[in-house]
């Protein structure tokens, strides 16, 4: 069984409701709780790189994600990410990690925060971890139960669904 | 995108609490609701074959599952199943559907009913659908975030975890 | 069994997550679903007066709530309301509905939206409906499992807890 | 604000799913978690007397509940209880605690375990705690958003609803 590294960057996945301000915000990641709920027995290590909305992600943030994926000892990597700029980060990763680098990197996210009862997060996490184990080296997105090569997908802003180009 | 057939057989996945009798029982499957929650956009069709506890599954039930998988037009199949005898059904399927049959069949289930707040069902469903899209023809189990060839796995009855043989 | 009128005005209670915009917003009220979940068998009728954040509530909005409570045929009334200005609306109601008016009006709300898994909304609704059946005519707030006369309570903005004056 | 004692006796309220056996069973009570979720700020102390299905409750069990209610220093008491024999226990309590004893005792329960997503437990708990604060001394049941004097109620086994006699 291959080890998997999960890099957390925030996104809707990890948004919480602040009951004092009434705003959505980031605190700690829900990833460990989600892995526990899924009774996940993969050899996984979770590292939080940042906790931000992907619309606020800068080039420097992306460079950090790329460096962390390049230097990770694991060949199988999942990145949790806001959906709005997931494709941009995937492109940055693909530029630095061609298939010859031998790493399978899968980005995933959620349309509804995990802390909400109706989140797609647990489904997407199960999906992304599975694709990370079975897809050949390369950079991919996993959303809506599907996988997409990084350069063959876009988010449809009207429907919220990821579609092939 | 390949079409996926889901065959529902019951199991913990679909157990519900009957508030009049206080017993756990089967009514309709939760699969369509789970696919909706996961915002699943795979081309999936769901068919309920039976709604039973896998400890009650007979040879005739297994023969029915095998026949349905053999005759399904889809090459990618997920079977939801109780965890206690999932390995037996996988063996029956493998006997009838060798890799040369060209079908990828993934069995999955849940340790906690989906209707409970703390179910692993949504995680497992996301995982099974993903493995069904990417693993080569053959029969597999998907549990605990992992995949196992049908003849290299057992359920540890003490821990509730699926382990490689 | 006395009939109870529920007037819905919005507030955190009914906020939802818009998965396309990532913002919290109002759609339909969750009250009927909550009453069903609570297996409520009181003779209740629900009417939505507005769906707004209580920080946006104007004098005209408050006048509408007062008029609706004055003209309601029921003597027992629950008003769902944002917590930030619940006390102001209670004061407006108390001015128009002295105890001699014979009506028991209970305002309640939630710190976390009902659509979130961790909401206090269902607890507060059960509490408010019960106080509305048993307290003498007057205007009250029901929060944190307690009841307060309208002029003897404030929301502590630091803790989010309602406290006696 | 009056202090409230909560006596836990088990019942559907506190049933959990044992993922190794597939059976419903009792472990620890969920009451503290429920009070936290409801942001309850009443002065409450919780004591577990037993954790049993109310169909298994013996005369000795009922005698223990009665003694604990008689000796409690609080005048306001909530008893969580299975719904099937709640009325019997209420009768035993009423026999030992006439209104002149000065205690308001409210029994409540749930049709669906709290650990299930769709439980009525939180609604009922908010309701019972509120009735315990406002009803005059005596023994009552709180279910379905209503309160009933102990000798004017029955559980309709066909509908699962508590009805006035």
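Letters are used for the chains, namely A, B, C and D, taken in the order the chains are written, and counting of residues starts over at 1 for each.
Methods note: a residue touches a chain if its C-beta (ideal position, glycine included) is under 8 Å from a C-beta of that chain, and two chains touch if they have at least 3 such contacts.
Bear in mind the structure is a predicted one, so any value in this text is a computation, not a measurement.
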Shared interface partners, meaning chains that touch chain C and chain D: none
Interchain centroid distance [CA atoms averaged], chain B/chain C, Å: 45
Chain A and chain B, separation of their C-alpha mean positions in angstrom: 26
Separation of chain B from chain D, taking each centre as the mean of its C-alpha atoms, in whole Å: 39
Sites on chain A at which at least two other chains make contact: 111, 117-118, 160
Chain-level touch network, classified as line, ring, star, complete or other: ring
Of all residues in chain A, those that touch chain B in their complex: 1, 34-35, 37-42, 44, 111, 118-120, 122-131, 133-135, 142-147, 160-162, 164
Contacting residues of chain B [partner chain D, same complex]: 12, 17, 19-20, 22, 24, 53, 111-113, 115-118, 157-158, 160
